[in-house]
Amino acid sequence: MSTLQTYIKTQRESRPILLMTHVIYGYPTIKDSLEIMETLLREGTDILEVQFPFSDPVADGPTITNACHVALENAPTLRQCLADINALATRYPDSKVVLMSYLNPMLQFGFEALADTAAPAISGLIIPDLPIEQASFVEPLKAADIAPIWLTIPQMDSARLAQTLSAASGMLYCVSRSGVTGGATAFDAVTDNLDTLKQQTSVPLGVGFGISKPEHITALIGHADIAIVGSALLNAYNEAGLTQLVTRFKSLQTATR
Amino acid sequence: MSTLQTYIKTQRESRPILLMTHVIYGYPTIKDSLEIMETLLREGTDILEVQFPFSDPVADGPTITNACHVALENAPTLRQCLADINALATRYPDSKVVLMSYLNPMLQFGFEALADTAAPAISGLIIPDLPIEQASFVEPLKAADIAPIWLTIPQMDSARLAQTLSAASGMLYCVSRSGVTGGATAFDAVTDNLDTLKQQTSVPLGVGFGISKPEHITALIGHADIAIVGSALLNAYNEAGLTQLVTRFKSLQTATR
Amino acid sequence: MSDEGRFGQYGGSFIPEILFNSQQDLLSAYREAMADPEFKAEMLAQMQQYSGRPTPLTPCPNLSQQLGGAQIYLKREDLNHSGAHKMNNVIGQGLLAKRMGKKRVIAETGAGQHGVASALVSARLGLECTVYMGAHDIERQYPNVFWMKQLGATVVPVTTGAATLKDALDEAMRDWSSSFNDTHYLIGTSCGCAPYPEMVAGFQSIIGEEVLSQAPEVLGRQPDKIYACVGGGSNACGIFLPYKGTTTELVGVEAGGIGDGVGEHAMRFNTDQARFGIAQGYATEFLQDEQGQLLPTQSISAGLDYVGVSPILADMVKRNELRMTAARDEAVLDAFKRLATTEGIIAALESSHAVAAAIAEAPKLSRDEKLVVNLSGRGDKDLFNIASALKDAPFNDFLADYLAREKQA
Amino acid sequence: MSDEGRFGQYGGSFIPEILFNSQQDLLSAYREAMADPEFKAEMLAQMQQYSGRPTPLTPCPNLSQQLGGAQIYLKREDLNHSGAHKMNNVIGQGLLAKRMGKKRVIAETGAGQHGVASALVSARLGLECTVYMGAHDIERQYPNVFWMKQLGATVVPVTTGAATLKDALDEAMRDWSSSFNDTHYLIGTSCGCAPYPEMVAGFQSIIGEEVLSQAPEVLGRQPDKIYACVGGGSNACGIFLPYKGTTTELVGVEAGGIGDGVGEHAMRFNTDQARFGIAQGYATEFLQDEQGQLLPTQSISAGLDYVGVSPILADMVKRNELRMTAARDEAVLDAFKRLATTEGIIAALESSHAVAAAIAEAPKLSRDEKLVVNLSGRGDKDLFNIASALKDAPFNDFLADYLAREKQA
């Protein structure tokens, strides 16, 4: 079992659900983004999802897309990003960090190099434009105990779902609805689907897309293992900076205790 | 023989060449144009050519065309034009007046009506867009002793020339070169052509297009019967008014004495 | 046409004597060329290889269904090279000019469509090209002037009169009076002295001939009615003439402008402001005042904004072979929008007159009836006019921004 | 294409999981449609009746003679309805969308050509149409936006990133991620996830198929070389693919822009700024920095200003089936002017790249050789760009006068 999966299973023994929070490396500056990450780790986020920005983030909505473009003006490099995360992660051993990006920046860096550089700070990798057929791309990560985090969607046909589940380790990223990040979601409709999924796999289920209130998280308890919060925290930060982000984080966190 | 032709023949007995001068009815105003006409008659122009303006004077160059458009803004009517000429002509019985216009204004007025109204003040009519084949249009004028003045050009083929000469009465309007009114002409080249023409007809020859200096007229003596001056006087008028027109007229007139 | 180029009481040749020889040369050259299978073959080859003929006949199922009456089809002259039927004529006359050994052509143009077409074909055939265009028209239609310049043509602004098409025509004729030795006057519509009306109509007749042969396949039979807008009348002659004497009703559509008053429209029929006249080289129905002065005209489409009309059409009207109607600016804009949104075709404002008439009449006809509308040109050229008519504010912002950038550069 | 939509190492499908089902539906719908003779017949009928195909093959005797080398012929895609080859593709995909029961299409557009083509075909087929366009592109290419609006399409400004084509593409994909149930994503070039590259190239192959059948008559035989400009690569695929495996040399022409520096051009070949990458749904040669971020591009022609390229072409280059070259802005303007003045054809600036390459190479070839250049579109649309590039002062005066009149009205 991957370190990530073990971590989630262990945490879940004492907690109804975990919280995974999303930060964009380099937004609004590299320094600021590291400060946001550290704050979230300090406040006890279970899993920190660091997005390495890409120029063409097709699976992201306007908030994250715009932030990525701002981040890119600070010329982030993946090497420095990994080094920065490494420095940070060692200071917060109680949390886990997963990397999220698009295929091309990873490809250009090389998955072998990524395996070498990202471990042990990084324990999982999300690439929304990498389909399951192309799983061989992330093969090199296994040896470094970096779990590829595959996405599932409600409408997935059974063969494809089976293929995804058999490749899954660490956690699954269950997309709650169609569309990109940042919109609203009807959570009730989601839970049925999660329950079916839970019967088919022991890999922990993370649910993303549209979680912005404690009620959303409460609704997921018993159905999912991890609530993933992305745009909501970014919006809070954009509205009134780090303080607002912390307030929002804390209010979400109470729903996970 | 038409009155016009008789007049020319008679005058020519004592003069090497006659002068025909051109005025646009209504330019710059109707009153002014009548004043110009009267001045020229008083100064002894042999033939006064009055152009009734038409909106689309395709045979005229820029100076006359522009003047016609100005004249049209004064809303001239052919009926009034003929009445005005009539009033004027009776006071200057030593000169002859010919009318020049385009086909359409004449057509709309009607050639029967024209015959009734124009005689006896008008003794000739020039219509540059009426081809010889269409001579029947001007048939009604004959009875009123208004001579249709046909145009000849240097390149006219013999059959067409013969047709024109046989229809001619009053005078012929010999176009000295290609192009429209108002440009420059090489007069030497013209005289040969006039001499050939003279051998074929007893109808007096008028030469137009490009006469602006006494030398031009002198060069025509012995070859033509009438020197026709159009744009040159108009230009003089446009430069410095009636005085300048009179000066220009007088200098041209000396060449005809 | 009679030997003198007469069509009933209309047509003929009323030009300054100086042009007589050139006109006669042209007449015989045209007759010779049309009797020469090689000339015709070359003309067809250019029409095909250069201009993309045949143009299709497009069914308009959505528009027809929406109107709930007759079935509408479009003859797509907008797909010609240069975007209008004007190309057919300039190919014909351009080749004729070369055959006559001319080195240069002159053309008059109103909105600039015929000017651009003339400049195109002159470049193609290696002829010099001078285009006369009213100074006023140049100001308003500069994009076409720009293209003419790019094509190597000389554009001469005409400042006489109202400085529009009629004056440009006069000025071109003046040029021709002194340049006929090496110059062909390439008239853009089936007006002017003989043989122009017949010749232009002849070159344009490819339109109707194609419809004749396409209709059985596309419509299942020949159309009940054919609509064409009428400026000078060349696209109308082109599609109508091959249908003369058939049972197909022919309908010409004039520019109704903004009203029926003097100077508010360009209708040469169904108004007492027009009557028989002779000017600009030929006899036809002219809009004119009591003195026989030609009247100003007005239309949302520059190409229909003309004071005379083809003598061929005037004669057909007299003989009841052709029905004339008109469409006002407002109905024209509606038709433009309707065709765009229902069939995805951006028609020239000229052509939109014909569409407007079909839209007005189709609902009263049965679903079995079939109408062909001659879509004489495309509407891209009308960008400025349409944006202005629709008061499109972002377009003005775009222009202002463009100008600001240009000033900086 | 392999089953996965691979062309060698290029192509494939790298899209968010949420789009997987729609992509699979599209794939099978496309395969089914192409196996259905009725679909193909309807497609050909629209291409003919609506868009005016076949487009001609035009000999360029003057240009060829002036260059003194190979004989040049043009495949006239500019004569398509909408003025470019883009129409072939939107007809195909539009009909496919209807067949799949979709009510709406979305499209991305750069200069707006594909947007207009999509809006046209949507109006024609009764589909709703939303076009994503970079806010920056909208500002600079507003006339096309104006036409899209007239056609009833909704134009959505994209403000993310550089607010140009690449970003519009991303945004369209985002829309599709939530709208796929009733919406077809109508990609405008042979890029993107499978089956788009194959599908668009397939719909465009009518171009090369026509050349194959026209060449014997017009050229006397098949051409020695074919030139096509390469933006996304659809017009190039369209004319090249039917010639794969023949002795005809295929030459792609990229936008050389103003220089070889980063961001100064849009060359995805013959530069070390481009290499294998995977983005926007597919694998190809992308202009990218060391971090794998896609690079900005630049070209006088908006249609070639794209960071990726058809995987089909990338693979052909790898296999030496296709030679890639480039033309810089300056040479492109020269080629534009030369074609206009020698042959009377106003080419799109995109297409002028292909013309520029042929002009550069023809003089070195013998008079017996024959080149076909794919004239992908017409240049009317480039009025503002060309007037700006040529610093035509009267055009600016015209605009200023127009604006002054509008303000008064």
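Order as written gives the chain letters A, B, C and D; numbering starts at 1 within each chain.
Note that in this section contacts are C-beta pairs under 8 Å (C-beta built on N, C-alpha and C of every residue); 3 or more make two chains touch, one makes a residue touch a chain.
These numbers come from a predicted model, not from an experiment.
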**OP:** Average the CA atoms of each chain to get its centre, and name the chain whose centre is farthest from that of chain B.
**Re:** A
Original post:
Could you state the distance in Å from the CA-based centre of chain B to that of chain C?
Top reply: 38
Subject >> Separation of chain C from chain D, taking each centre as the mean of its C-alpha atoms, in whole Å >> reply: 33
Subject >> Length of the line joining the C-alpha centres of chain A and chain C, rounded to whole Å >> reply: 66
Original post:
Do you know which chain C residues sit against two or more other chains?
Top reply: none
**OP:** Give me the residues of chain B that touch two or more other chains.
**Re:** none
Original post:
In graph terms, with chains as vertices and touches as edges, which category applies: line, ring, star, complete, or other?
Top reply: line
Subject >> Chain-to-chain touches, reported pairwise for every pair that qualifies >> reply: A-D, B-C, C-D
Original post:
Mind pulling up the chain D residues that touch chain C in the complex?
Top reply: 48-52, 55-59, 62, 76, 79-81, 83, 119-126, 139, 142-143, 145-147, 149-152, 218, 336-337, 340-346, 380-381, 383-384, 386-388, 391-392, 394-403, 405-406, 409
Original post:
Of all residues in chain B, which touch chain C in the complex?
Top reply: 54-62, 65-66, 69, 72, 76-78, 102-109, 128-134, 151-153, 155-157, 160, 175, 177-180, 183
Subject >> Touching residues (chain side chain D, partner chain A) in the complex >> reply: 4, 12-18, 20-21, 160-161, 166-167, 169-170, 173-174, 177-180, 277-281, 286, 288, 290-294
